[in-house]
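Notes to accompany the following structure.
Labels A, B, C and D are assigned to the chains in the order they are written; within every chain, residues are numbered from 1.
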């Protein structure tokens, strides 16, 4: 038991040590605390993986957390197959990115702070995936948001960084608002928050309705949709995707670890974890699928025209997360988790590689000022190519297997599925295009930056390139655990491994259909690459012509569909205006204070009149007193 | 006295807790040296805390009865007795009061330099009165302490306050006095209605006629709602907080405004159960309005301290919402949230006081980049910010979650709206944090500038340490505190749900129609 | 034999003259004297009652009244002197520092 | 009209006139002197009522002590300028009306006194047998001992108060 508790605890201890002693004692040796901790967690996670590989589930209640009446929630850990996969993803990516950060963050004055936050993040993420009930998961859920806030705003002297961190936290709060209500509703429905207890009863509540705010709605659907609100926020799906691109203000390792590989996939993990609930509600499933599919295309179109290298990858992340939700929504939970797993490798690789580029260019992120880097940074170029091949889904790279599985499962899922498959395929085309566009703009052509930058161009040190190479291996080979039966019988190891938790996807198709799907997706992947090659290497003036030809469309995409502006005018400004002018200025200052100060003012007017009686001359007081005495005498006399 | 557990320790523990600060303040009368005064006050607050500790260990958590009860006849001809005792509801407040008093003395160590002796006398008198309010089991005694509290607080604001102190102190005084006077009328009526007794426990078992309960509830509501403060009568709070010295703000936020909610728990609910149930919808709506209203107002604040003061309105809205949800989770969450708010907001005011000593400004826009200038300060304030926002792992989460849970259970729409308050809370707190600590440092406060700003020293860290410890303690293991409440809260809820008018809601409605 | 009511009416008349003096005069010393006049008027009625009711309490009360009158005169005149030092007048309507 | 009644009428008329003189003289010194005469008349009236001790005390304390104190104060303050100014306050007519009404009311009420409580034990014969001083002394030092002591404290307070107040620098 202590072994499993230690998995999240080791990073926590490292965090405490670094944050308390980092500033004055540890300083630039912070990684000597952090890396052993995460390696320890990694080893324990591998051990835990083999413990559950045999099929048994570890479920420990550490202590009673909140007890109030019949509300009783314990702080407990659960490790099943799904958790085990997540543990590996988190700790492996974490370890590599920690090592990478040693080089990337070298010399930063907040070095110790950076590692402290990373350790706290790993702790939170591990708690999130290991919790054995919704409240512990919610704990991790919020805590990763906190770490994300810290790390996005790591360079807090930049206003944009602070703003981005705040935006991330608050947008996530909107999602968590739904998640929290979902958790409450789960308890009120099932009488427990334990995963085992809730999922065990899920079937018996199917079809029940509840009066929610005056509407009669299906109970399980309501719960699922509320939970999904949380996932939408955390995984940056429409309409709460706005925070993720801004989150790129954080250091690149953070973008790789939190905003690509682990935290943003928490939503996917959560929906997968709650699959027994979601399965009971077709409406919720369809919602998940449609939100995922639409987000996949939506984000991909924005990525087409962005010029900031990290933002392109960020929108690509949003798009890929959309894919995962699409998979979950069509019932292919294991496919979603599989994509989560491969995506962690290739997207972390892409981010870290772009970090390497940015590092070499001294924090230049605009691709228009790059170009021709392949001769200066061969290793980065190579791993970038590998990552891109993987994300675009070229056989036999990791992305191919997972993406193909998703599209195939979508294809099988009825009429709606066909539509979703179409969305996914178009998104794949766009993905291919913008990914190659990124490569061509960055590494091909001539260098467009300043000559001073060119003078300093160099390949990154080993501490950066070695993790890149390891991740590149992952980006190639990670998908080989999920080879579809089409190519190899019993090749879908990961699907079988996850089956006890996530079940088997339904639906069967012919080999011909499957070849069709595979063929189409491979075709569009290549097609996108070719188009990008033509536009950005061969005839570089085409891009500008197209942009000016479709000016409104280009502006729309370039400005991210004006979603930020929409929120600003419809939500933020009204709240600020209302609070300043209406609430504080009018209600508080005018009405309430008016009444409060008005009463004394009225009294004041009277008393000013009245006090003239107080002449201060005691003769008049004597007179008044005598008159008073006279009145009393008169009263007594006439009363008789 | 068969319905209470008499004090079985070999000394009158509660009386000592009340009287020690009084002795301390009397002793201070004879001191001149400011240093000696400070040390004496510190020693007496520490002693009081030490004395009150056995309450926590010796407390029997299994019963709702009053414990450590001491009873002496006082004015027998009017049925007035000296009865004090505590139950699961009040014990934590006594604890909170004694701990915050220590911190108040500590935080004033350097910042109060005028009339040092009188200041500490006021603090000690305040402590005695506050503990007295929480332990009184006789209405007369209670009212005595309740009003006695007003005077030191009035002085703390009026003498050691900021620029606009006179306005604030008089506003505070008048507001609370108006409420208290109505309560006094209520007490007198209860005295005659309850068979000429002022014994709170006896009065808590009466079933009064509905009409009487209705008016009595309004009278008590006036006193308690002002103190909390609930929505339309909250405007004294920002002024009082802004102008009060740090210690005054801490006491005000930490304990004083808890009195109102405590009053609801101890008096309104058990004595007037039918009226309470009648008013619950109104009170819940008012609470939610306070939550959202308080949060929205925070967005428009330009003054550091005033913002926190308005956030108190929002947080106390949560407290009252929980109490009036009238189920176990809501009430326990409400009580816990009172403690939490005392800890978080108390600590925040302490920290604001500390930074004010260095910068001499509270205007948010004059700050900036303080994370670089005072990193430890920034770190600790960060913890409090997120505790205030209600992040899991801090005490704010446990309280707010239980309250929203309770509210949702009682009335869904209320629960949903109150959860919105949490989003707004994150908004204004993070905005504040960013404006104060992020971006480039304001030029005035750079280390070489005209106002050198230095990081927290040992005394200040020690002042904050107990509260920060409690933030995480309650966050990770709230059962230590929740377990004290269970029995008392269950009893309270069953009392409110018990009624002489079961199933006669239309009768009550008819009564109200008749009034208007 | 003189009826009791004669004494009482005399007392009342004297008392009212005292009241008039106190209310109408400007000079504080004369106001003091008027007070003494009122006290004396009351004393007369007390002694008269004492005599007619064959009680000794009335006389005792007069005794106390004389004591108090002495004390009052001493303090009052001391106040007057103190006041005069600050503010050289004994006019009652000039002493209006207590004006609201 | 008996002789006694005649004397009473003399005293009544004289005292009323003296009192009017006291309150109407412009100079305070004149008021005090008329007051002195008034006190002597009062003492005489006391003698009529068999209160010899009080008559003596009246002359000693009032005429001998209090009035002398007044005279001292008047001379100390040296009030020449005062005399030339307005004698009455602005609202003296109101004062006059009020006191006249009061007088009317009192006369009206008091003249109707008919019912008297039962007579006490201190009849004229009894007092004469024991002596006026003895009678008062016995009652004063037994039944009224506590008030007597309090009266002494009051006097003490007056002494200290007068000394403190009349000091050069107040407080």
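Note that a contact is a pair of C-beta atoms (placed from the backbone, for glycine too) under 8 Å apart; a residue touches a chain by one contact, two chains touch by 3 or more.
The structure presented is a predicted model; accordingly, all values stated were derived computationally and were not measured.
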### Message
Taking the mean of each chain's Cα atoms, which chain ends up nearest the overall Cα mean?
### Response
B
## Note on the structure
In whole angstrom, the CA-centroid distance of chain C from chain D equals 7
### Summary
Distance in whole angstrom between the CA centres of chain B and chain C is 58
### Message
Using mean CA coordinates as chain centres, what's the gap between chain B and chain D in Å?
### Response
63
### Query
How big is the gap, in whole Å, between where the Cα atoms of chain A centre and where those of chain D centre?
99
#### Entry: Residue list for chain D, restricted to those that touch at least two other chains
89, 91, 94-95, 98-99, 102, 106
### Query
Taking each residue of chain A in turn, which ones touch at least two of the other chains?
617, 619, 623, 626
### Task
Specify, in ascending order, the residues of chain C that touch 2 or more different other chains.
19, 22-23, 26, 92-93
## Note on the structure
Here the pairs of chains that touch are A-B, A-C, A-D, C-D
### Task
Mind listing the chain B positions that touch chain A in their complex?
171, 174-175, 232, 234-236, 293, 296-301, 327-329, 332-333, 369, 371-372, 375, 379, 386, 391-393, 397-398, 401-402, 404-405, 408-409, 412-413, 415-416, 419-420, 422-424, 426-427, 430-431, 434, 437-440, 476-479, 482-483, 486, 490
### Message
Applying the document's contact rule, which stretches of chain A touch chain D when the two form their complex?
### Response
617, 619-620, 623, 626-627, 629-630, 633-634, 637
### Message
For a test of understanding, state which residues of chain C touch chain D in their complex under the given definition.
### Response
1-2, 4-10, 12-27, 29-30, 32-34, 36-37, 40, 43-44, 47-48, 50-57, 59-60, 62-64, 66-75, 77-82, 84-86, 89-93
#### Entry: Parts of chain A lying in touch with chain B, wherever the complex brings them together
19, 23, 63-71, 75, 135, 138-139, 142-143, 146, 149, 153, 156-159, 161-163, 165-166, 169-170, 173-174, 177, 180-181, 184-185, 187-188, 212-213, 575-576, 578-580, 583-585, 587-588, 592-593, 596, 600
### Task
Quick one: which bits of chain C touch chain A in the complex? Just the residue numbers, please.
19, 22-23, 26, 31, 92-93, 95-100
